[in-house]
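I'd like to ask some things about the structure below.
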């Protein structure tokens, strides 16, 4: 058997043991152009629960979620482009926040007091080495779960926040960064060149599902999508039917279908600002410590589209910009590897 | 091979060729004690569409249906017991009504003018030889189908009226009557006694599904249930979840489950007056003229419960009384065969 | 309200009353290049039941079907192109065959004796005015249905033959022909030009489902696809998973998805010769005589793809050739209207 | 607000912080009377994968599982009653085994060398204070997951071992024991007596799902059931259809249905020795440290049967005996609280 390539060695690197416990991906904040239109999309069309409203923002959660919110819609100012302004992660204890602050002293960061967001304790925002705006928090108000109020559910329904997918110009570098935060890899895509195999996509986890964060090669740093868990494929189909039945099929960008990677049964939707949300079902348990990453060849069309349906170019090209410490969008650069062109699934 | 028994010969009798064309079971009218409560059940909980309201009645239809209504809820007077007052069948042409009137000159009958019910043409009510109140009609106002307004559907949803199930004290006699109206048999249940095999249940059709009318042995004449078609088992489960999620699980009498007979994936609900409605899915095509009836032994527990779950006694014992020509409930008598006691599925 | 266009008048024309009763679309015969490979596809991958084998042909049926076969695979000779050689329709009685022979005296035709195909009585093949090879039969051997042998089912499973879809160069002319055979229209697609609205697709039925025959504008005469009914969307997804799980995702051409037209939940597969089979679910009841056709604009992307996913060009361009009376493929001509280019769903 | 009762205080007690990490419930060993019959049940009927066979035992796993096995069937000797002989838990590291041995010095225990079971490292069996035979292990051979070999799956399919459900004569005492091992509570059932509220059932977890171990009041110590995860309700229904289609409906004891507790969509089957296996779907994420237990009243019929279908008495009364250190079955005693009689769901 051939010795593992550098890419394979990286994918199989055990996670670091940092002095803090980042438990899971937990929320996203989107800057939107029309707060009412965005609330209509997430609340009326997708059926999410509104937890709180302020003059500038709406806070929403899924039907299973007890955490006060997992999605923040924030009204941008006139002329501002839509963007993702915070990628939220929950840590196990308040002290973890202080340890993260120490860990990131070299990076731009910002503390927010408890109550800055309704229902949430103090939080620490850090722009990581690639300028993704990560926000860490521990304390958060708890609601009763509404997962069995089936009489109130709509569409899928969206049960809980599942993961963030990041367009990354340098996937392997970003991969090392997330390892250092204690994440490990469940699946990855790499090139077939025996001399220079390169990772073009990586699925990284803290909670024992397929992922909390995915890194996929693309112009970035940008947010490709965030995802909510739905209980079963039938729910994903129902969401599509409800959207199309109400003359909203234009918001469906890709799917429904199954990914080879992660085994997800998915559909991707675009909100009024083009932010992309995935309804996600059917992944698997990854919690055992000797759970080894699964490799997919970038040339295997099943990895991104298990049944073969082609993704539209927009799905590969378009992503949400991010907000930097200066409140402007973060500069982006093209990816150093190309995942897409080798896929037979992509349209000519 | 043994010669067929009398029961088998009856089951395989070709349908008569009467001078009228009864196309299909098409509606039911229920006398209810509290019209608002009944409307709430069918419209709010089960999500049916209200087509019209009068001071005394509410007219409803399923999401796929173009016919003005398939369910009529009619307020009874103080002290009246709940009952089924009309079992509706659509005929192919206006002339069929006149031919039916001629056919039934020996039986009590009643014409209603067009417009007596909103949206419906003239109709002929006949009390058949067993005193079931059959109502025949042809002309009916058409709506646009709402089958693709998935955004408005609730629960299952209920797509279209499918069939009527009658508790019959003399199943074999009733079977012969329905043959004379042009119905034929798709499935039947009979006893195993080689000397005296008796039919205890029969599924009879005009439209090419498993049935328009089922006859099952029981104290009668009574209406055991009426059924609406839902597209798939997932819809039946969702209806149960929505009912239970809204604290209405007490209306679920039996199921969800699968019948051996008809292959139906079903659930049975009881409305506020105890009238029983089935949500019904998964039957099959029966339209070819040489389609032979399928026999089930009354001792095969799979025929009524394919997976083995036991039906509650209420499902065997309770049914809706019927209204006779004198506006009082029709007298009932016990069945001359017992379907239930031979079933292992029944609780001791 | 504007007066109906010529196209709308055609779509709403009542069916003719010919002196024969063509009950339903019932089978297809495919000329294949490698009989073993084709049998593997339909029997092993799709799980159909083999009813009979001869040295030159394999006869298959679905799990619900009692009719001896609904699919014939016939080995072509060296150098012959794959093609569809018979489009089968069942008639209600033997006499209907004689009346069809009289009706088609002007067209090439051919009688086959009972037993020419295993399990089938005499049959009449007629090349209709557009050179589609229609084959009519009545007598056919019956098997017991295997619809409840769930332990033996594979994939979807394919329950019963549902319909034929024909690529037609002159849809409106073909529409009139099928009206004359007693078919009527459930849905149609037409252009939006108020002066010259043209029908570009029509769904025509005898049995009370959405269709037995669909006519869609395209180079022809050719067979676009034949379809089998599956019980529910979950079965269609499972078929896709089983194909892809066994490394056969390349046979999936389009879907799974939902059509606006017919409400079908579908997937299209290509067999080893490129013949196209649809797994089809979720249509509706059309049996009432006043059931009016539903119109879709050719410019409404929902009509062919309710959720918006784009069809590959192959789905619009490729179809099975047909076999003429001389045993050669029938000459084809381009369509006189273009359905595809007006669709936003089609890839540039 | 009333102060919490003792029962509520217990349910909300934070887990202990023992010096070992029991990660999750991981396998069960069953002593069977006819090894071939049991293998047929789990492998042929339920479709599990056989990982290894020895003359005395068969080792099986689910389709997603990489761990060598999660079910061991072991041939009992003539005259021995069927029983559960090991309840397996995976620990995070080899050292955890030594720490567990120290922790349990007062209890009967037994080390097994690596390789005693095929594919498994050394293990420690301990009879806990209630005489349940717990077996802890860390090292185990890994297979490639077969979760996407959908072409090979049968029925549900069974993806992975999910939990153990124990009949416990003293639920509250057992609850305290499991807290001491680091487990915490997701849901519990308790009586309504304000003076003496008692816990009658508790769902306890290490991995962040609803449970690894459930304790339910009943004669014990016994194993009520073990459960495998299936991806979706449609899979549970398919398993029922496949069993019944193959004339095995007698193995279905209860369901399919939904539990209020845990939100599971379930079916319970009995193997040839009466051991009970649950096919389990639809639970939820419980991984956040402030995830509070959900209380159900023992008098709420929805807690055990969300839709209301009654459980057979056998489901409450019957359980698998356990094997003690002397290789004989462990003595049992009746429960000190009665869960069942207060349920309206139970048959008179």
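Letters A, B, C and D mark the chains in the order given here, with residues in each chain numbered from 1 onward.
Definition applied: a contact is a pair of C-beta atoms (placed from the backbone, for glycine too) under 8 Å apart; a residue touches a chain by one contact, two chains touch by 3 or more.
Because the structure is a prediction, the values reported are computed rather than measured.
Of all the chains, the one whose CA centre sits at the greatest distance from that of chain C is D.
A count of C-beta contacts for the chain pairs B-C and A-B puts B-C on top.
Chain centres here are Cα means. That of chain B falls 43 Å from that of chain D. Averaged Cα coordinates give chain A a centre that lies 50 Å from the centre of chain B. For this pair, chain B with chain C, the centres built from the Cα atoms lie 34 Å apart. Residue positions of chain C touching 2 or more other chains: 148, 233-234, 241, 243-244, 260, 306. Put simply, chain D touches chain C in their complex at residues 148-153, 234, 238, 241-246. Within the complex formed with chain D, the residues of chain A that make contact are 23-24, 64, 66-67, 90, 92-93, 142, 145, 147-148, 159-160, 207-208, 229, 231-234, 260, 263, 281-282, 284-285, 287-292, 294, 306.
Touching chain D in their complex are the following residues of chain B: 233-234, 237, 240-241, 243-244, 249-250, 252, 254-258, 260, 265, 301-302, 306-310, 312, 347.
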